[in-house]
Amino acid sequence: MTLQHYLVISAILFTLGIFAVLTRRNAISILMGIELILNSCNLNFAAFSRFMTPPEDISGQIIAIFGIVLAAAEAAVFLAIILAIYREFGSIRPNEVDTLKG
Amino acid sequence: MEFTLKTFIFYGFALMTVASALIVVTVRNIVHAAFSLMVTLFGVAGLYVFLQADFLAATQVIVYVGGILVLILFGVMMTSERFDMPIQVKGHIERGQLLLGGVIALALLMLLLTVIANTPAWKNLTDDGTELPPTTERIGELILNGPFLLPFEVVSVLLLVALIGAALISRKEVRD
Amino acid sequence: MQPLSNIESLLYFSPEILLVIFAAAVVLLDLVVKDGESSAVAHLSLAGCICVFAAVLITHFSFGDEGPISLFLGMVRLDVFSSFFKVLLLLATAATILFSLRSDELDARLKGEYYALLLAITLGMFLMASSTNLLMIFISLETVSLTSYILAGFLTHSPRSSEAAFKYITYGAVASGTMLFGLSLLFGMTGTGDLGQISVRLTELLASGDITPLAVLIAITFILAGVGYKIASVPFHMWSPDVYEGAPIPITAFLSVASKSAGFALFIRFFYAGFGNAELMQAVDWTLMLAIVSALTMTVGNLAALPQQNVKRLLAYSSIAHGGYLLMGGVLLTSEGIGAILFYLVVYLFMNLGAFYVVVLIANEEGTEMIEGYRGLASRAPLVAWAMAIFLFSLTGIPPFAGFFGKWLLFAAVLEQGYYWLALVGLLNSVVSLYYYARIVKAMFLEDAGEETTQVSFSTGTFALLSVFVIPTILIGFLNIFYTFSNISASVIPMQ
Amino acid sequence: MLLSLMIFIPLLGMIAVLLLPRESEELIKRVTLLFTLIPLALAVALFISYDRSTAGTQYVVNVPWIQAFNIQYHIGIDGLSVTLLLLTALLGPICVIASWRNIEKGIKAYMALFLLLETGMLGFFVALDLFLFYVFFELTLLPMYFLIGIWGGPRREYAAIKFFLYTLFGSVLMLVAMIAVYLNSGAPGARTFDIPTLITLASTEGHALNNLNFQIWVFLGFFVGFAVKVPIFPFHTWLPDAHVEAPTAISVILAGILLKMGTYGLVRVNMAMFPQGLDFFCNGMGFWGNSLALLGFINIVYGSFCALAQTDFKKLVAYSSIGHMGFVILGLSARNDSGITGAILQMFNHGVISAMLFLLVGVLYDRAHHREINGFGGLGTKMPVYTGITTLAFMASLGLPGLSGFVGEALSLLGAYDKFKLLTILSTIGIVVGAAYFLWTLQRVFLGTLNPKYEDLPEINGREILTLVPLGILTIVLGVWPNFAIDMFRESVTSLIGVLQVN
Amino acid sequence: MVVFLISLILLCPLAAFAVFGLLGLGNRSFQRQDYLSTAAMLIALVCSFLLLGEIAPDPEPHTVNWISLGGVTFSMGFYLDSVTAIMLIVVTLVSSLVHIFSMGYMHGDPRYPRFFAYLSLFSFSMLFLVVSDNLLGIYIGWELVGLCSYLLIGFWFEKDSAADACKKAFLTTRVGDVGMFIGMMMLFTKFKTLSLYGEGGIFALVASLNTGDMVWLSIAGVLIFCGAIGKSAQVPLHTWLPDAMEGPTPVSALIHAATMVAAGVYLTARMFPILTETSSLVIAYIGGITALIAATIAIVRFDIKRVLAYSTISQLGYMMLGIGAGSYVAGLFHLTTHAFFKALLFLGSGSVIHAFHAMHAHAHDDENDHAHDTHGHEHDDHALVHDHGSEIPPDQDMRNMGGLRHKMPITFVTMLIATLSISGVPFVFSGFWSKDAILGGVLGRAMEWNSVHHYLLFGIALCAAGITAFYMFRLIFMTFFGEPRNQEMHDMAHESPKSMTVPLLILAVLSLPVVNILWFNEDYVQPPEQPHLHAPQHAYASPDSKMDEARVTLSLFGVSEAVAAEESGHDTHGAHADDGHHGHGPAHAIAMVLSICAAGLGIFLSWLFYHRRTLSAESVATTFRPLYNLFWHKYYFDEFYDGVLVALTVWKARLFAQFDGVVVDGIVNGVGKVTRDFLAVFIGVFDNRVVDGAVNRVAEVTWAIGGKVRRIQTGAIQTYLFVVIAGIVLLILIFRAL
């Protein structure tokens, strides 16, 4: 249970999130990828807060809490937009939403 | 490092987190993916507990699992007639996308692992297992009467905006 | 100077507080007024802008003289730099409100929420310009981003708008996630969220060998993804043409000016305060990276703009290119560079908003954003055509318009630091840019309108608003005060 | 004050024109003419009161402008600029008169732009602050773009944008060089754009500007900027297009003044400010030492041969301009008094002669509505006066002694031969070819049997003669008595040569 | 006084022209321009005579600063010595006579006033050239006479042949002028002045050159002489002069016989002091070759004016030969005598042409069309002597003439005098003396230096002299003797009016040696020193020793006591060497005898061929067909120039124009294209219609490429995200590597 353990887990989560974002064929899956990314960040903050700052300093944890809140807000807006897209395009496959290009 | 129950559980959580995350990004069925994500989120919450971030762990479970994930499931249900959107779509473009995405994600991972492994400041910091006091009270103190007051207030505005915005965008066009 | 406590800070925070109050008031007013009477809401928002403007000035001049003040226990700073941006952003907001009022596109949808969102995003931008803490930076960035997503997708009946919002949020979420990861690394290395301390700690740690340059490089690059996405620099620019094209025109104008300005404020604050010391530079020469990014940005922006037929999209690429020019000033670590950026932002505000205003007008009249719609404008609406020509030539950077003076400052600063290649790339780019700007001019002046040559008449208010942009575009370069102002701002940049 | 008045009166005129109603076309034209005649009157006053016995700048105005960069509104004239200033002031009203009838649409905008253009040109020639100089340089660009682009021929859009792009390309390089000079002119705070100061600094031993390597690069930067304007091969391809498409009066300005801006810039900046850089390019040693003269030679021969191949009257004149500007370059590269004097004279004379030529082409075009040389024939019988004036202009242009073209050309060559024997000898090919294409044109258009299509072609009218006569007189007067012009700049050339002595 | 007189001489014709020019602006002309111009010329003539008394023994130039630069000054001024004075008289005299003649000849021409204005301008230019004291001034006059020549040759510019001819004349001479200009540049660079006389003049400075500069000086001399080659129609630039006969005949008489073409000789004489052995020899050879070639070509012409034109070329070659061989005075002497008798010949021919004018007027239109169709090419190899006449105006074709001596007695007599003079019929005709002086000079130089070159040249000159006599009498016989060949035209022929015959008579008188008295005054004209010309071994021989002989002979015949009286003083002026005096004694005798023989032979043969018709020209032509073809085709010079030079020039110009359009523009556009291609690949912006303008053609190609390449700004968000992540990774990797 060293810091590096957490960091590795976080890095893997981050990478998987990126992978999902790049390859999933559903907007909601992309949102899940984003959540993975944000989770990895929060995990980082929490881990650093535990290991890199004095024990009484819990600012890292608080940042992580804010991170969760922001993720929630983002998810809400994201889903709203996905609904709008679904309404306009009849699909939420990201690559089908490509009228704007060039 | 000695192998105790604690470490065993830790590894269990770690494995659970990573494995379920892997399922999230690979599984064809989006509902399955959502459930896997739940497992991941729980796993992360568990890791928070190991980091002695009790309030954070609680928030993770409540907000993420209880809020965001449900939201996501709603989204899935509202937008999908078919739940099993395959990843493996035929065609070289999709396969190329997978390949490229995999390569680039791997490269990123390698970079991150290199940094993690090679940063002296982060090496050999073992959790000595000392029990810290619960964080909830201090967090409340810091947020309401400390440096995090302003972020807290701003985030409240942000949430309001998100609320209004989500409502605005997702509502059906009345006038048309 | 010791950071002020939360209570003490409130006084200095009056502009932001006023913004929130007005945002709330706008929403409330909207409940009261009847449908179709939305101009009242707009006017309230305008009044809000004016009040906030006054508040900015008052806080600045009555309290800001003692030097930079750290507020809210070090979360934000009140200094000339942030005041400068606040004024700039308010101008952009006010202009956007006026555009929105006159835009047919938004007509049916103009509700209290819209203006409330505008005011909220302004709040976010204010904070971007003044934050000095990682958390605050991220939150302000997210506030701006989230609101932008909503505004970009505001036209829910328009697929383009929805698509824009979708791409924007997907892109933005990934970029800000990446940035957050970078921030976490930074936090992990230094154990603090305060920019000033981060700078100090990073230097120490690098010196002691506790962290490697690679770690810092990765952190910087990840953060650059977030910042670069805001200022639309290559390779983080790809959202912007699509979003700019899809979003309502006033919002596009707003994003291209205000959002970019705020991004630059954040960028300067972050990179100069956080990474701007010599020891760190030796380990990680991020200025070189930025120089390359800057050269790429302007080149890609300009070249991609060449074949565009949609003026909005063309201006989107042009705005990318301008981001590249602005970035040049950022690689220098000199007050001249910062001054040049600030000055250019002022100039850019007027000329770009002006150009977008004309786009709004033409979209109203012709119902199109395509270049074809501009044909023969010179004979149909000569004043508008000439104004547009002035904006475009100013954007190209041709004397005697303000754009030239802005570019001049930038290039002078760049050359001063010996970045000859960068200046040359920049200048050649401005030659390329002439080509596409001139296409619009060509359509307006050199081509005939076709059979219908009816005069288009605009209201006096339109011309008044237009002249608000034209006159500064012509005159700014000749006035000393702007240089002085930007120089003062630059001298107070957030070097601790 | 006189100079400032001269510069800004056209600008005032522009505002006045803009305030006039669009419908009152005659009034607009008259007002424009008035506002171009005032600078001409001032120019005459200047010509009379100008002190010819000194090399120093006169009528200096020097007030701070943008203090943050030590930019000044510094204007003044010396011998180099006064001639071109006079030329500009002269061509102004002539072009307005020439535009009197044949601008059909948007006369208001046309005249306003023309006045703006005149301000730019006049300002350029008197600016003594590099920044101001640049601003005026660029100021001519926009009106020119519109004037060609809106009122030009069928391919005007292409020509206008080509002109614009080329010039802008050159001027951005110039901008880089300019900033480099500024930055090297002193410690922060003590930097300057002041041209006289910079010239002094550049010859001060040990100063950053007095460095061969630096001067070479900066020289190149400025050179490209001006070379596009001159235009020097291979930056010349905008010129034929621009000329062919531009309306007559604008061609006149383009050939008469705008090209001179390039060569004037070369003298004012490249030569005076970077004598070492100049030395590198024309010391006669090696490739680089001959490069400037080589460019001059190429311009002469290339321009002449291209002109020979043209069948479009206007294009022919345009290419001949390229050839003639080559003599200027050749003369300047000689760096001796006859070379430089010849070059300056050639600038002035070419301004006058090419203005005549373009006016003449315009006269013909207005009547026949085409410019195809082979499409005419035998006009000499129908239009004797026109033929006579054209012959005069052609002869002046091909360097017939007794007319002004000869003096500049001859002096340039005499001067250049001193330094570049072979190149100069080869350049004389241009004299023969010059005669060839002009005479050939004369033959195809005016001699031979009359093309029956043009039985009823009306003779040149009084208004057109009015535009040509002053230029014709100048051509003859300066051909007979070149000292008339040389007196104005003799001292300046002498002092310039003093600056050019590189040890 | 000198300045005043010279100014008057110059200003009078100039003023006459100015009147025309100013009125011309209003498309009007002064109706009595002829009187005005003639009066101006007569005033100039009077002034010229007055100037004779003003010649100072050691004249100084009168100058003003024309172009004053910081370091160098170009002055403009007059230099009046005896040569100048004589030239002034020749020019003003011939010019006046031509003016008068033209009043008759040009009567009724629609552009009658303009003709006189041009004549005035020409006179001014020529006089300016003559009096100039410096090379620049000479050059100015030089070009101005070229312009006038251009204008006058093209006076009837409606004729395409005239339009071609005037252009050709100007261009061809300009080629020579460029050579002259280069020579001037050389001299200027060396001496920093272009003034010839006075302390700082070129002649003073040239004396100080040492032997190391001889090559340079020779080149400079030859280059200056290039101007003369062009202007005086020497081989290889002689082709313009025959064509120049398209101009009105008085013009041919004045410009292309008497004055302008002689300016080259005058220039060469003026530059006498800078000539070295080499440059002298070059001049002599070119002169000699020209004399021979032109004479041979003249044999086979039928156009009366062309015959005279080639004769002029030939005679000019003689003069050049004389000067090149060192016979300064002889060359100039021949210049003056030639000016008179050749002007007479041309005016005489003009008179003949005028006689056919009525006919001409009838035929004018038809003939014009004809000329239009076939001008410029002589291609009929088979019909040797047959009618190539479609290009020869019928009124100038000698084959239409014959027997005119009864119809036009004055013209006949005066022309016969001139012909005798040019043929070198001894003693009573001036041409004999001047030509003999040259021949004697050449032979003298040959014997003096024992130089093969000069012997050869003498031979050439002798041949040319014989041929000259032959073709001149051919002309006379064909025109005035025999039976009329074209009865219709013959019937119309009539003697010309007084205004034309009087000048003829005056010129006939001038063809007598007595009026050329000044040349026999040893004091009057002295050859200048040639500091860089040295005899190979012997001391320098006076090139003018022939003069002595002439004087002796003259006195024997009692023609001029005055000349004879001068003889006694001669030896003291034998400036160069007395010892050479004896050496060339035999030369004169030989030369004179040979030249008389040659002339006699020529006349005799001509009589046989064309009067007695004992011999058939046709049969001889057939026998020597290759030679005949060579002559007929004028040694193929025109063909050569047309075929090679002109084609080359035009081709080159086309090439350049192509180059401009394709390569230079192409490179620029290509850069644009490459940029675009890259973009298409990397940014993928090529969805939309490609912009207008420079790259239109390129656009299609690029578009095709763009369509194939997968575009990056695809509109697909995941592509964008990929770019972001890849960008991050790449940035990190690149900077890690750095």
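All chains are identified by letter, namely A, B, C, D and E, in their written order; residue positions are counted from 1 within each chain.
Criterion: a residue touches a chain if its C-beta (ideal position, glycine included) is under 8 Å from a C-beta of that chain, and two chains touch if they have at least 3 such contacts.
Note that the structure is predicted; figures quoted are calculated from it, not measured.
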> Among the remaining chains, which ones contact both chain B and chain C?
Replying inline: A, E
> If you walk touching chains, what's the least steps from chain A to chain D?
Replying inline: 2
> Hey, which pair has more contacts between C-betas, A-E or C-E?
Replying inline: C-E
>> Measuring between Cα centroids, which chain is at the maximum distance from chain C?
In response: E
>> With centres defined from CA atoms, tell me which chain sits nearest the overall protein centre.
In response: D
> Among the chains, which is located farthest from chain A on the basis of C-alpha centroids?
Replying inline: E
>> Please tell me the distance, in whole Å, between the geometric centres of chain A and chain C computed from their C-alpha atoms.
In response: 26
> If you average the CA atoms of chain A and of chain B, how far apart do the two points sit, in angstrom?
Replying inline: 6
> Roughly how far is chain B from chain E, going centre to centre by Cα mean, in whole Å?
Replying inline: 101
> From the C-alpha centre of chain B to that of chain D, how far is it in Å?
Replying inline: 70
> Counting only residues that touch at least 2 other chains, which ones in chain A make the list?
Replying inline: 7, 14, 17-18, 21-23, 27, 30-31, 47, 52, 59, 62, 66, 70, 73-74, 77, 81-82, 84, 87, 94, 97-102
>> Quick check: what residues of chain B touch more than one other chain, meaning two or more?
In response: 97, 100-101, 104-105, 108, 111-112, 121-122, 147-148, 151, 155, 158, 162, 165-166, 168-169
> So which stretches of chain D touch two or more other chains?
Replying inline: 157, 161
> What pairs of chains are touching here?
Replying inline: A-B, A-C, A-E, B-C, B-E, C-D, C-E, D-E
>> Quick check on the complex: what are the chain B residues that touch chain C?
In response: 111-112, 114-115, 118-122, 145-151, 154-155, 157-158, 160-162, 164-166, 168-169, 171, 173, 175-176
> How about chain B: which of its residues touch chain A in the complex?
Replying inline: 1, 6-7, 10, 14, 17-18, 21-22, 24-25, 30, 33-34, 37, 40-41, 44, 47-48, 50-53, 55-56, 59-60, 63-64, 67-68, 71-72, 74-76, 78-80, 85-87, 89, 94, 97-98, 100-102, 104-106, 108-109, 112-113, 116-117, 121-127, 130, 132, 135, 138-139, 142-143, 147-148, 151, 155, 158-159, 162-163, 165-170, 172
> What part of chain C is in contact with chain E in the complex they form?
Replying inline: 166-167, 170-171, 174-175, 178, 214, 217-218, 221-222, 224-225, 229, 234-236, 238-239, 241-242, 284-286, 288-289, 293, 300, 303-304, 306-309, 435-436, 439
> Across the complex, what residues on chain A touch chain C?
Replying inline: 7, 14, 17-18, 21, 27, 30-31, 34, 37-38, 40-41, 44-45, 47-48, 52-53, 57, 59-60, 62-63, 66-67, 70, 73-74, 77-78, 81-82, 84-85, 87-89, 94, 97-102
>> Under the definition above, what is the set of chain E residues touching chain A in their complex?
In response: 684-685, 687-688, 711, 713-718, 721-722, 725
